[in-house]
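Below are structures written as structure tokens.
Each of the two complexes below includes chain A, the first together with chain B, the second together with chain C.
Now for the complex of A and B:
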């Protein structure tokens, strides 16, 4: 019973996207991707870029064999290459009697087995592999007229160190965040889960960028169906250039036209490690300091890592405040509009009179007032977000105090309206996930219009629509409102609105479909 | 194929047996049984349990088939088709009556001057969206909405307690058993109305033996809880208004909800309750659209969009022209009393008898 118009629209947009990708300029090398290696062709193609260097030398064995080392300057560890490749092949190896057995036929095998003490080395035989390796930061050792080459891992480029998380600050718990290096990020996870069942599958995406990414999961905990689905969806991604992993979110989510986030994005390795142990699947992309975690449920967006570091009683209170904040952030302006316009009987008489008195001088109905105030608030938020910190704070103060005060004095808006919008803004900051907070900002306006035109009835229709939409959503097969609907008692009592004490978490809470729900210990 | 879990099946059963019955249960039961209306309500709901269990037991013998397909198999093609057509007409009529009752609830109370076209369209938009979202979403919707409706009704019962006049409930059985039996038969319609939906839902429920046992127990538990809740609400209405006033008020519970007052700060919250109860109307009407849709699919073989668009159009058009006010309540009462109750009972018994006869014949 899928909407045919939506289906057609999706097909059209996907088709146009595919066309765009096809039209993008193709590298000439793409056409010869599977050809056997030819050093001179590769050199001709790549040496136009000044950062790609081919160091030519001769290996003096039984006969002189001309060789070359292809690298990208800036992406390799020069000291490592000098000490363990060039020095041995050009100087130290010559003294070895076995070295003197080297000729054109056996050179690749001899170097692979005996004379290259690199810890990661492999033989390749196609143009594509060679170009890919050089551009990814590996060193490729060519025999000038040979059909095979050696890829020597000597990657070494400047990266940002492991810093504290900027967007997910916490008082308790680890203070490290992912950075832009894929290998550093996987090592952060490996340090937390020292078990052979932690699987890391590598992929490349982007026709031009050939960006490295990995799918991480814990075997037996993660559903193999979900892992396969993640892999399939990533393989289907057709994009010219992938410069940041966040782009993938839109490609792999189940409902692209929903305002609600369906992929959890985090910069904290401790959260990702916990998610892996809950059976979730993680995607890490080279050059992106955040991880994409699936399946994501609404409940997950309302939790933070500190929920598991604080004591259970505290967490219950904090979560209650967070959920209350979310409800206020969605409904406060709409409720105010519906009550003042349609259902004044809900207010105690004194409050009703006070609101009526405060609104006496304002020229606009409550809906327009709220709309004006929220527009200003959104502009201030957007302006403050991109500015340097000190200026951003000033903008906030100017916006909140000066404009608000002036608007009330000029009788443009009522003081109660300022309070309502102020509470709405503050409450929306209680939502831990930025993505969810944005979705809620998006929903606020239609709900306000419904409340302004039909009162509580309209608001009810809007809320039922949102509820049914949430019930319909799935993230990689997991219902978005799980464990509330479909209801799972254990998960609901252990880790949804409340968190049970650690000693009571004897079984995994089945927040998502996992293969081994009885394995003990949650994290 | 979509499926619902055992838990969802039980929640759906509870939510649909309760349906919108709580809105008019007070007036309906006290009209004939007076202050003993609560006993009749309790017994009427409980009397529905054997019928639901009978329907389930028949269906478990024909896994993956709905009641209409079973009827065709047991009673023959033509009798099956005739019953199927009646079934489709019944579900459409019943579903649209429920939508109209929702509209009536709003126009009588919180939105008296708003055009009823707007209210009909508003409610139907949600119903159609839920219908198009599929049976799984309906199951999840019941999981979320039923506890909220349940709590809202308990909330009213608790906060109206200061208004109770306990003497109103006594003497018990002053008019004998006959009025109680009469009302029980009327109340029986609500659980029987659920069987209309169950008849189409059967292919979507779990088929494992273990789950079937759970479903039997769960349905019994669900109906008992609903009967206790409904009885409590009738008791509350009789205790607060007295039997005569309770019979006179068409939607006594709405009046009660308006009387709720907490700490001099929360009062006149009728509108909030109508908002919550709209969920039960949406749930029951959507369930009946599904039933109608499955009926059309089975009997006429019309699948997909044509059947669903046809049904949605009917659901939009009929409530706009239907009666409102007390005429609507009478119409629902007549529908329940004279059509749904006899139809479901006769259908079930014929099917049960036919199935037994066929099995014996096969064994012989």
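Now for the complex of A and C:
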């Protein structure tokens, strides 16, 4: 490779995946992870936390077998365990003639096969499995002296109910959102796609948190390469604690130094379901009410699911407005700066005069003025984001009064500048994806500097840089700008700037590489 | 090792971009309120033979702050002189305090003396300078251009905008010869056509400042040779295909009228036999014809009009009447065109209609042979005028 720049970028992309493992604290039990179960050692270690409870009892079969039930208080369904485990083993079972044949040797199998009427039960025999099971919320039935144990699924902890989406409001379409429970989330997807080809593969990430996560995809639709790549990248993630699934975004994206989002994050199951049917791969993480969807394209960030629920003709207009908003959000301040500082001949005479008149008394050059206004705008945005609702109104009033009115009256900034920044701010809200809107906010500043120093020439150079970067971007092998570049006619006409009516979508739009483009969702 | 290199590359990239941004700085940057936007510029030749320049610069405030307009004039006028045009322009800058900015220029006014001495030296600068748009209107005035540039205007308008509007309304009035800088350059570069430029004059009508644009200056080469008055100017416009609307006034003289006059001669006014035609559209075509070595021209004019008014308030209609009216209109138009043609041929010997151009296109061999002696041929040319008129609607009255 002769081009040093290429090499440089290659370095960067590789480096992001080989993160150093942060050292986790090591306990004696970690050494014995793969050894046969020893109840007393587990008890000794886990009993130090008060929320872990061991209920010890005797199974009175042929001989008395001391057993114990290890659970985390609060994660299990107590009634279920009382009624179907303890009650049977200690009271009701005794009446059964077969029960009396239980001895130290056959107890595990007997309980597994006959006496534990729980729907999910599994035999385990290593220390690690037992500890994992207890801490994940399962009940583990130990035979105190034995080397095997039973994992009984009796999870029952408090979760939030399924609420309406808060950040992705919709007028039409389903109004349910993911919540923090992984099982609930997968069930939401399963309820939408009732077909065996919907695959849900489990993984665990996090040395300390041991967070559950699943990779969801539709077999024969999602590209096997992408599924494998997702799996590989997730396996390579070495991290101590995975508190929220959003953290994974940075680990699995292709270009960590790009401002553009390369993973689609959504809280709506209907969006995820239609993404799955488009052949995308979804990562759901326990404890996180959002799903990560890959591969992501720029086009995808400009769409919302309502586009598919609303009638096609209206969608064309709405999408056009959205793209227009994005262009304005990127370019409006830079265009204003470039035109008023370098290319006054482009303005209609009357507009030039009124801008000149309004700027007569202002102290700063247009570039500085724009920077001031944008800074205040960003501060207002950030300040308003996390304010409790009752105080939130203050921001609006202060913003409108101070920026909109007083600053102009005090001749600190020109009214035209306020209009330009206002339009920019409003336009950036027309971008449906918050992630993309932030990226655009980030791009605005360098473009403004380029426009302020070199006019259209500089703006052109800046835009070329952005364009080249966009052309170079890939998300899990899919070019970021597809289906525009590389141009794919069908996908472009079906679902890009325009959306073809549903009845015209005879073939699946090839927005990304998928396994079988001619299938219609079902094999 | 590789890492070192990578870091070095990054450094180079960053340093490079910083150099790109900061080395030119804000080169050629100018804030909008620090430039003087010129709306009109006038060129004169002064007594010492120097180029005298007058520039009309718009003062921004009166437009935007309607309430506190006060006594501030919408424009200020600066003058300077120089050996060359560029010299004069630089001298203006020394006076103005602002950087004078020309792309918003609306009109260029040429003084009579300068036009008579030849426009070439002035035009070279106007063509060469990137700040002056070629679509700026070019006008000429009798006397000094400075008088036009110094002219007052309506309160809410700059004088240049006022003139600009007069010219751009030519479609509606069809009385103004619209010549942009580009048109002029085009006409002066082509063989077989001579430039014609709209004439602007300024006077105060009972204190009300007025600009008048219905005349034109005729050039021969780059020198002004004479003027066309309003009547002749329209004669030119007919042939140049620039009449799209407007009014033709004609005299009714049929027997019907005679009879009427006899019956009640004492009640009739002088103007009662006048009629106005409202022109809807007109189209002209110049056809050169070569007979042996004898070149002649046929100018075809198709005019469609309505009857706009009859001063005697009669509502006569019918095929016969319309035929008569068409004939009447034909005669009036013909007279306008022929008067101009005669003046251009005999008095100015300037081919403003571009007859030579059409001949050159149709008979290139003839043109190659005779272009040297075109000045002798043109005044003696046989030009036939065929005007076809059509009255669309006689106009219904009660």
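Note that the second predicted complex is superposed on the first by the 493 of 523 C-alpha atoms of A that agree within 3 Å, B and C clash if a C-alpha of one lies under 4 Å from a C-alpha of the other, contacts with A are read in each partner's own complex, and residues count from 1 in each chain.
In this section, a residue touches a chain if its C-beta (ideal position, glycine included) is under 8 Å from a C-beta of that chain, and two chains touch if they have at least 3 such contacts.
Model, not experiment: these values are computed from the prediction.
Enquirer: If you stack the two complexes on chain A, which partner ends up touching A:401: first (chain B), second (chain C), both, or neither?
Expert: A:401 contacts neither chain B nor chain C.
Enquirer: A:366 in the overlay: touching chain B, chain C, both, or neither? Say first, second, both or neither.
Expert: second
Enquirer: Is A:485 contacted by the first partner chain B, the second partner chain C, both or neither?
Expert: first
Enquirer: Could you look at A:464 and tell me whether it touches chain B, chain C, both or neither (first, second, both, neither)?
Expert: A:464 contacts chain B only, not chain C.
Enquirer: Where does A:454 make contact in the superposed view: on chain B (first), on chain C (second), on both, or on neither?
Expert: A:454 sits against chain B and chain C alike.
Enquirer: Of the two partner chains, chain B (first) and chain C (second), which one does A:391 touch, if any: first, second, both, or neither?
Expert: In the superposed model, A:391 contacts neither chain B nor chain C.
Enquirer: In the overlaid three-chain picture, which partner chain does A:472 touch, first (chain B) or second (chain C), both, or neither?
Expert: first
Enquirer: Return first, second, both or neither, reflecting whether A:345 touches chain B, chain C, both chains, or no partner chain.
Expert: both
Enquirer: Taking the superposition on A as described, I'd like to know which of chain B and chain C A:317 touches: first, second, both or neither.
Expert: neither
Enquirer: Same chain A residues contacting chain B and chain C, which ones?
Expert: In chain A, residues 4, 345, 454-455, 458, 461 are touched by chain B and also by chain C.
Enquirer: Which of the residues in chain A end up touching chain C in this complex?
Expert: For this pair, the touching residues of chain A are 4-5, 7-8, 11, 340-342, 344-345, 349-350, 352-360, 365-366, 449-450, 452-455, 458, 461.
Enquirer: Looking at the complex, which residues from chain A come into contact with chain B?
Expert: 1, 3-4, 343, 345-346, 348, 454-461, 463-465, 467-468, 471-472, 479, 481, 484-487
Enquirer: Using the touch rule from the top, collect the residues of chain C that touch chain A in their complex.
Expert: Where chain C meets chain A, its residues are 2-3, 5-6, 9-10, 20-22, 24-33, 35, 37, 39, 58, 60-61, 63-65, 101, 103-104, 106, 131, 133, 161.
Enquirer: Report the residues of chain B in contact with chain A in the complex, numbered from low to high.
Expert: Listed in rising order, the residues of chain B that touch chain A are 5, 7-8, 11, 106, 110-111, 114, 118-119, 122-123, 125-126, 129-130, 132-134, 137, 139-141, 143-144, 264-269, 271-272, 274-275, 278-279, 282, 304-305, 308.
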